[in-house]
Amino acid sequence: MDKTIPDLATAVSGIEDGMTVMIGGFGGSGAPIELIHALIDRHVRTGHPTGLTVVNNNAGNGHVGLAALIEQGMVGKLICSFPRSADPKVFTDLYLAGGIELELVPQGTLAERIRAGGAGIPAFYTPTSFGTDLAKGKPVEEFEGRSYVQERWLKADYALIKADTGDTMGNLTFRMAARNFAPLMATAAAHTIVQVTRLVEAGGIDPEVVVTPGIFVQGVVEVPDPAQEEVLNRADAHYPEVA
Amino acid sequence: MDKTIPDLATAVSGIEDGMTVMIGGFGGSGAPIELIHALIDRHVRTGHPTGLTVVNNNAGNGHVGLAALIEQGMVGKLICSFPRSADPKVFTDLYLAGGIELELVPQGTLAERIRAGGAGIPAFYTPTSFGTDLAKGKPVEEFEGRSYVQERWLKADYALIKADTGDTMGNLTFRMAARNFAPLMATAAAHTIVQVTRLVEAGGIDPEVVVTPGIFVQGVVEVPDPAQEEVLNRADAHYPEVA
Amino acid sequence: MATKLTPTQIAWRAAQDIEDGAYVNLGIGFPEMVARFQPPGREAIFHTENGILGFGEAPAPGEEDWDLINAGKKAVTLKPGTAFFHHADSFAMVRGGHLDVAILGAYEVAENGDLANWSTGPKGVPAVGGAMDLVHGAKRVAVITDHVTRDNRPKLVKTCSLPLTGVGCVTRVYSSLAVIDIENGRFVLREKLPALSLDELQSLTGADLVIPDAVADLVTPELT
Amino acid sequence: MATKLTPTQIAWRAAQDIEDGAYVNLGIGFPEMVARFQPPGREAIFHTENGILGFGEAPAPGEEDWDLINAGKKAVTLKPGTAFFHHADSFAMVRGGHLDVAILGAYEVAENGDLANWSTGPKGVPAVGGAMDLVHGAKRVAVITDHVTRDNRPKLVKTCSLPLTGVGCVTRVYSSLAVIDIENGRFVLREKLPALSLDELQSLTGADLVIPDAVADLVTPELT
């Protein structure tokens, strides 16, 4: 069994117009910049994919990664908890102009909805958002005298995530807080594509420290020295590069 | 912050009559034999605790550990998925005589109910057990044309679990398949007491490989060379020892 | 009547349908044997409810590590690429549809795919384990079983008389006499022992068999 | 009117109520300052939504590792006993009632404990983050805030006019003028600036203050 993919272009080649794509990362930590840029490259070349629904905690920052994907006009809808950042101009301008749909979800509910999608739990109850605008239209139920909101699972066609070490069977470890949503998204997508900083043979990861078991991963592509969104933005980088 | 407890007797001293106690382990792997035996010692000495509701995947095996706890007459109700084993005589005899109540729960539902208890999710829907006797009396709902059963969270007053390495702040790692229910139970109990094979200072466990973060643990007691239920039973051990 | 297949031969037949790279859960007991017959060039990854993916065969006697066991509490071994995880993650794999195949034993299978394999009725101690989760989780749920009970009553029936494990969940049955698919609420015969007549097979089956134009011979190696 | 406390002084006061060994989540921005004022001999363990427990203070400029950040996307450091985990586990800690204290900012707090701190209305881009989870998860939810808005309107009100973050969730407010508990749907004054009269404080508060027999002086070190 070998889940490695030779290059980034191949890694993102299955994503089609209108699909739902979960993208790992919390702010810049864990953002799979190279996978996102490969998707942008494809759009530059072919005009596709477009009309994507993207699931991420944020809405991008600056003009690279998720912000660049939005700037490229590829995202029709964003499902996120916090579309603010140091420089959220790309999303903000498009949103205020009515050019992108936003589904705002409390962060813990977003995480749990994704986990539920991966775990075969179609709905669950949470105290979060009870009595607020974000609970409008959702079923409410009382348990032991306290009120809870029913939330639905969230699934995706693709997940694009970044891991630290990955083996050829798709077992993954992550680096510090870059873990965040990635292990959940891996479970909730029909196709999980991972850029790993270090690719090893099966057996190269201690079975005790595997965070994402290979069953949740469909493809692994090695990106040895990945860019960090925060660093790119401090250098005012744009993607695609401004000539 | 130091969560270490000096000895096993102190570790189990807070468990009172009628409490719900989750006990880690799947069969013998991960069974916290020494904590269970310390609880039996207390009962031998004081007649308490008794009338416990115990949550475990199984119903014990032979005459040690959970089976011995049942044999001692301390368990009023067992919540488990599979009360069979190589030698389930203790539970079987008591159950058939009407001396112990059994709540049978599918294994995945048991795991998810415990996780829900720890994660503040009062109820969730699962396809498991739909249309079977084990779903009788439970609410059923349809999502996207498929039927699901509503299941409730499960919480406990105490969890008794076994870990491999633990630090003074309660961070834990486990050993192979001895992990099983322990990380879930740690989240779902008001008091989680852990017997660790190796106790280290804070910083002694790589933050990347912590399986149970210390926030879920209230007490840690070192048991350097823990007994393995399977080995005890092959030697036909009894607890308390038969004179 | 034709000599029926041994349990080992049934396990062999079931193993032939497991694709390379498939994630597979084998039920406790008899189904565990399926792992021994992976066709050359194919490698399945085996999942066990108690938190291991990609484990290997049993260790030599005396070499057991009792923290490294499968759901049947039998000792297993590590292989390159093994991963450990807790029970909630394990059943996220099951319930979330990540397993390609689950192969289970059966007391009864009905023509609509209902399975009864956990309780023989109100007597004795009931035990369910992970069966109810597996039947609604794996992409494909297959059963391996003797075609009839010890007292020669059909195990493939019109309607299960024993308590159900799952509703409409089984899609293929590997029995000691035949391979039968469940399609649109009917038993569809795919393979049968060459020496067994269609009438004989029908007489040992508790619901009508649909007989397509092509029914293959069920042939296995000599295995006991 | 008495000189009000600086944000730093409010943060200092809030820090005095955090017990040794408490698990604490501090909201993005102003509340993050609370971590700087742990009383001697006490050590709280700080949780951040993005999957770290027990992190330390900010690194020196130039020493940042952008994989090691808090929920405000600011760089932090490791301490002995730190643990990393994914977002679902992180919010299991929050929602499951495992945090002892959450300290958040506020646009408005109502006398029944309702909190509004995520949206100033339909204009602009809404953002909620983890606030709605925190207010229904932590054992104690406290607010630190200026007592009034920039244009001198009360932030402690009878009923929130802005979209709610949570219903009946706040139990203590540390403001620039006072420490106020929320009990039985009322604001109960616990401490106030010594130079501030009760009438002045009431005039800056949007709902009736309950004045118990003992109201302590709110005194903090000089901090800017």
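We just call them A, B, C and D in the order they show up, numbering each chain from 1.
The definition used in the following text is that a residue touches a chain if its C-beta (ideal position, glycine included) is under 8 Å from a C-beta of that chain, and two chains touch if they have at least 3 such contacts.
Being a predicted model, the structure only gives us computed values, none of them experimental.
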Q: Sort out for me whether B-C or A-C is joined by the greater number of C-beta contact pairs.
A: B-C
Q) From the centre of chain C, which chain's CA centre is farthest? A) D
Q) Per the centroid of Cα atoms for each chain, what is the distance between chain B and chain D, given in Å? A) 37
**Q.** Euclidean distance of C-alpha centroids - chain A vs chain D, Å
**A.** 30
Q) Multi-chain contacts in chain B: which residues touch at least two other chains? A) 112, 115, 119-121, 126-127, 174-176, 207-208
Q) Which chain D residues touch at least two other chains? A) 84-85, 88, 91, 94-95, 136-137
Q. Among the chains present, which pairs are found to touch?
A. A-B, A-C, A-D, B-C, B-D
Q. For the complex, which residues does chain A have touching chain C?
A. 1, 115, 117-121, 167-169, 171, 187, 201-203, 207-208, 210, 213-216
Q. Where on chain C is chain A touching in the complex?
A. 20-21, 23, 43, 45, 47, 53-54, 78-85, 88-89, 91-99, 136-137
Q | Touching residues on chain B, where the partner in the complex is chain A | A | 112, 116, 119-127, 141, 143-144, 146, 148, 152, 173-176, 207-209
Q) Can you list the chain D residues touching chain A in their complex? A) 48-52, 64-69, 71, 73, 84-88, 90-91, 94-95, 119, 124-133, 136-137, 163-167
Q. Which positions of chain A touch chain D when the two form their complex?
A. 26-30, 57, 59, 81-86, 88, 91-92, 95-96, 102, 104-112, 114-115, 126-134, 174-184, 211, 228-231
